[in-house]
């Protein structure tokens, strides 16, 4: 029995349709991440699940029970908000116990749960402070604590890390992951940070304009994006999307890419079939390597590439990013930190042919 | 002649000393990045350079001229602010030209410069809009444009990207880098994002509590952090800092690390010398590899490691992060995406001995 | 036990002391007096409060009301009939007929008079008059001549406060002085269009313009008592004001005849301003008894005497001995009796005795607008007639 | 129960709703009704047509009152804003005794003009107040006699009104100035923009919402101005300083001409409506803040 | 540097000049209240008192006559307090909960209703005097302090609702959503979460309402009965003498005394007033 089951959910504000025919089903212990650009309806969907917004049509089931008209407090959920939404005038302890108190949980149980959660999140020393006296990361923990004491069927997180700085974000991410594994909780998690999505999810939904673009595991979404939008949205730096021309040559296909300053880059992909003449080629930065020895143009079965003009070089600790220009677009390659690449010079690069994606330039859908 | 030269700068608000004896010197074309945690005095230092805050003692020289008492407008600088600080009631074009107009630059020159900058930053279609009608990234460009038309000796940037979302941040970062290379401008840039610092800088200053911790190139700071603070602060995920014990064994040193569930991890570092008994070992996640074949304990000259219990696994597209527990601390290893690592199981990992750092647990300073 | 709630605007100074006398007597007769004082705007605020009380359905038992307003209220809400008290005490015999008329509503008694103020007094600074050899004027020509003389001597001839009601007070004395009682009655009581548009009325406005020239520059908005102080202090020679001005002189220790002189304004006739209490319909024996007691006390000779000595006016009853009163009061009383007989005892329009509020207000508007601007007499006459017609 | 829970917000508002409906709109309706009758001392309810309005517009005094409202309103609003703005900008220059000065500028708002009216009357009176004082210093030619000149007296009302309200406007503007992002000011400084241009070209234009709030507060004070005139000039000299509010009061309560008062009240209400509705619109238009 | 100094002094001079302008009426009132009547009659009104006397103050407080009652302002002060305190508290409370609904529990038509309430702020009070008198009579509240409280609450709701609504819209909706998920209901959320947050705006509302109600004369004079007249009516009674002698010194002392509570409130809490007033309604 799925812990959360949404069927044909639609949501409009007045005449504006915000969510179009949403269908989702997740199992107990799943960590579902909703990603998508700002304004695509992620928070709205989460609020619909929580019952904070009425839905226009469709059904929402939590733990098998139809909760479509049920108030938030009776849905057996807990929620963590982007701004944390801590009660500013209450102490941390009160913030965490307030919900239990409202539900009439007895004092002793309250204290017990509070202590347990505080230990788990390492916020014991903060219990008497007001939220205003906490740092961003500490607030985040308190908000989590407030959700944890409920022990609900389903946790909902609305961009819980987006107000933290990069460093804290990374470490809180790990903690949330750990929490998920320890509690075997079912979680729906909203973010617009695709790294967060990739690292946390057992299942990802990519949304755009209120429409689901792709549902899948992180690996599926990363390596086989369903369309150019997903390809571009997931991964950082993004997948390079390079306009190219394709010619069928028997069972394989010849690909041609414009290149700055010299003749087009040409290689043969033995696995690609039935491509239209105009395509967009998608390749992740880490699937562009420094070409060595014989793998230059025309490519071997596995690698294909050539000399390209390097515009910018960005060393980034463990990696170095090199940016060139192919098919009129900047293309980023992720190279080892020790690479000899220099800006404003030619440098040999090669694509990993087994990792290429092809998209239709018209509707952006995946072709292979 | 250094373009910016700061000697013995001190700055206090009332009795609170915010900046302690700052000494900086950068050359023309340098891209200096100031990093440090929130509240460490980065903005204050930048404001002192700009002349927006009076300094308590010391001198500031720009292009060889002592500007200590000079007003901001006469320092030949341009500045980009975190909130962009666009004039909200003026159009984009007016925002960019207003300074020139006040300085009495003639109309024709104004228009020429405006056109040039707008082209460079690709904001031509926005020139008639008000800042309120722009997205974050567009505002950022306009703020840059306002700085660029000044053509100053020195550019100052105060966290110009921190209000952008992750994706935009990455692409704007590349653009700033390109701009720097194209104009050969001298830049002082504040951020608390160490990735930004690493990718942009030719020179990095790490600050903490108003004190400079280390000055150096990105590579120096990354691979040879001067102390534990820098080690922890730079790099994402951060350098693992593992409490360990050291025993001199002739010209080499034997290192012992506590390990969950089984006996301590022990290996020999042939290059380390004169270490105290208690040390903190620093190792970057990417310098922990999947151990193969014979390199298990006791380690060879280059790699050393053993089986460890994996707590969390985070696949992140190109990489997979595995978290274990050594010396009582969580330790992250950055592995290839295709690794077979599974959570809650033992897995063999090995350190790259040539990349290890040792720190004193007392004052955190570097020992090797 | 008789009870009465009394709404009035005699709230401070000598007025408060005067009304306190009534309260004392009321208490001595076993009554319970509830005081409801509302001052301001010459009774405007009290009238506001009265309206609220009446609309709310709990009118006070007695209200300080005067002139045609009594009849107006009678028409709107009805008033209590106190004829029994009046007849028992023979009010008709001791009140001048005109004044008695004000107290009756459709033939029955509905109000009791407290006092009679003479409005058309002119007050002079004895010393200045003597120094400049000036007699109290008996015609407006004489007044103008005297004023010119004073002006040459550098003395402000006329102390005046530029408030609409003060302008109207001067205006009505001029109407009376130049037109005589008949004309006054036609113009300001009967609102006869002929009279309003007549040449006499034009002359009145001409005289007003002349008088405007005798007033110092700073008169605007000045309270009447400050104007009185000017006469007292020798800054001005005359003031045209009702007999309450006497109270100011007396309070400053000035003596009539030696320090200041009082005389009727030039011309004939007596303009009266009678304060009175009207009785509203109330429920309950206590209250009705209170009304009867109050009416009786108000008209009682003792109260009439004590009250009016305090206030500077003369008793409404003609049979109260005036031995303890000052000379001005005695003169006033004599004139009242005489004028009452020959029909020149006339109600003051400026003090709401002659006309209903809307009409009186309309005339006041024109008078004050003329006095405070360069409006010609012709225009003023025309506007006067129009305003009166529009307000009917 | 469910129904109750869902409708609590509406139920909570219901008493206010009823109160406003009856005590504001019901009463406006009542006034409209009375304005169509021949009510004198007390309200009567027989409809008589629009004769009260024709009388009203024929009345020279009402003309003066409306004229005065426009002169007074325009000057009062404009000058209060200018003075308030200037004071706010000056106070914004890190003045040491700012707290004390701010309180001094603000205290008139706490006082009713019923209380201060007499003092103002004396101060403005040429024979007692400023004119006399300045002449006493030896400037014998000095004249300040607006109070007694019918064509100028309305300006003295403006002075007293400014005295009362400009401090409040100052406070609004000061808070506005302080809420401008300091980074914008710093950006302008680096851009080389002189202080007066920073104010005129950058800060003041961003304070448009505050100007609007101040305008509404002042407009509302101007239309309701009643105590002010009563205390200072009582409409005089003549009726040169009458305002619609005082006209209405005079008609209703001293003249016993209720129908006329109701008609003037309706016209006043229409003026208010014309000013307030655009404000309400801007206030309630969906905002994109936070 | 020196021109800057001169500029600063000029600026300070302008500020001082304005301060004098604002203080002038208070100065006149204060000096007059400290003079004897004799001195007022003979001397200039704007001059400093030659001989200080506090007699007028004592008289104004405890023995000046307002009608037949000669006990000064003292008894009426109490009336005003009995009226102002409950009226301020009730209207603030009603405004708070209204504002809470308008800001956080929007429903169709709420904006229209809010506009209707706001428009009520602008209605001239002279207009409502007579129908209100009738209503109070029907409700049996005419001439009583509860009646006055009722009137002030009704016409105070507009402003208090505006204050609170503008303040509460700046509180993020997420806070209420969190509380809803926590299971709290309408009143629980209001009392546990919103009310404790409202101190700044409560200050504003209280100061504003207190000033309005304390200084009100029109309602006070129309709807009070004997024995329930507020201090402004008493002040008016003491100050206004139609045909009697005027004691200006007592008048001025009485005026200052009657204004002391509001003055006190402004001087003490004025800072918060401004801060709170701009907290919600104005965004730069």
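Residue numbering begins at 1 within each chain, and the chains themselves are lettered A, B, C, D and E in the order written.
As a working rule, contacts are C-beta pairs under 8 Å (C-beta built on N, C-alpha and C of every residue); 3 or more make two chains touch, one makes a residue touch a chain.
Computed from a prediction, not measured in an experiment: that's the story for all the values here.
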According to the touch definition, list the chains common to the neighbour sets of subunit A and subunit E. none
If chain centres are mean C-alpha positions, then the most distant from subunit A is chain C
Quick check: more C-beta contact pairs at C-E or at D-E? D-E
Just how far, in Å, is the C-alpha centre of subunit E from the one of subunit D? 16
What whole-Å value do you get for the distance between subunit B and subunit E if each is reduced to the mean of its CA atoms? 57
Calculate how many whole Å lie between the centre of subunit A and the centre of subunit C, each centre taken as the average of the chain's C-alpha atoms. 91
Which parts of subunit A, given as residue numbers and ranges, touch two or more other chains? 71
Name the residues of subunit E that each touch 2 or more other chains. 129-130, 132, 172, 236, 239
Residues of subunit C engaged with two or more neighbouring chains: 41, 45, 48, 51, 55
All chain pairs that touch each other: A-B, A-E, B-D, C-D, C-E, D-E
Looking at the complex, which residues from subunit E come into contact with subunit C? 41-42, 64-70, 129-130, 132-134, 136-138, 142-143, 218, 221-223, 225-227, 233, 236-247
Which bits of subunit E are touching subunit D when the two form their complex? 8, 11-12, 14-15, 18-19, 21-26, 28-29, 32, 44-46, 94, 97-98, 101, 105, 107, 111, 113-132, 135, 154-155, 157-158, 161, 169-170, 172, 185-187, 211, 215, 217, 232, 235-236, 239, 248, 251-252, 255-256, 258-259, 262-263, 265-267, 270-271, 273-275, 277-278, 281-284
If we count contacts the way the header does, which residues on subunit A are in touch with subunit E in the complex? 47, 50, 52, 71-73, 77-79, 81-83, 85-90, 98-99, 102-103, 146
So in the complex, the part of subunit E that touches subunit A is made up of which residues? 172, 174-175, 177-184, 188, 192-193, 196-197
So in the complex, which bits of subunit A are touching subunit B? 38, 165-167, 170, 173-174, 177-178, 181, 192-195, 198-200, 218-219, 222, 233-238, 284-286, 311-312, 314-318, 321, 323, 330, 334, 343
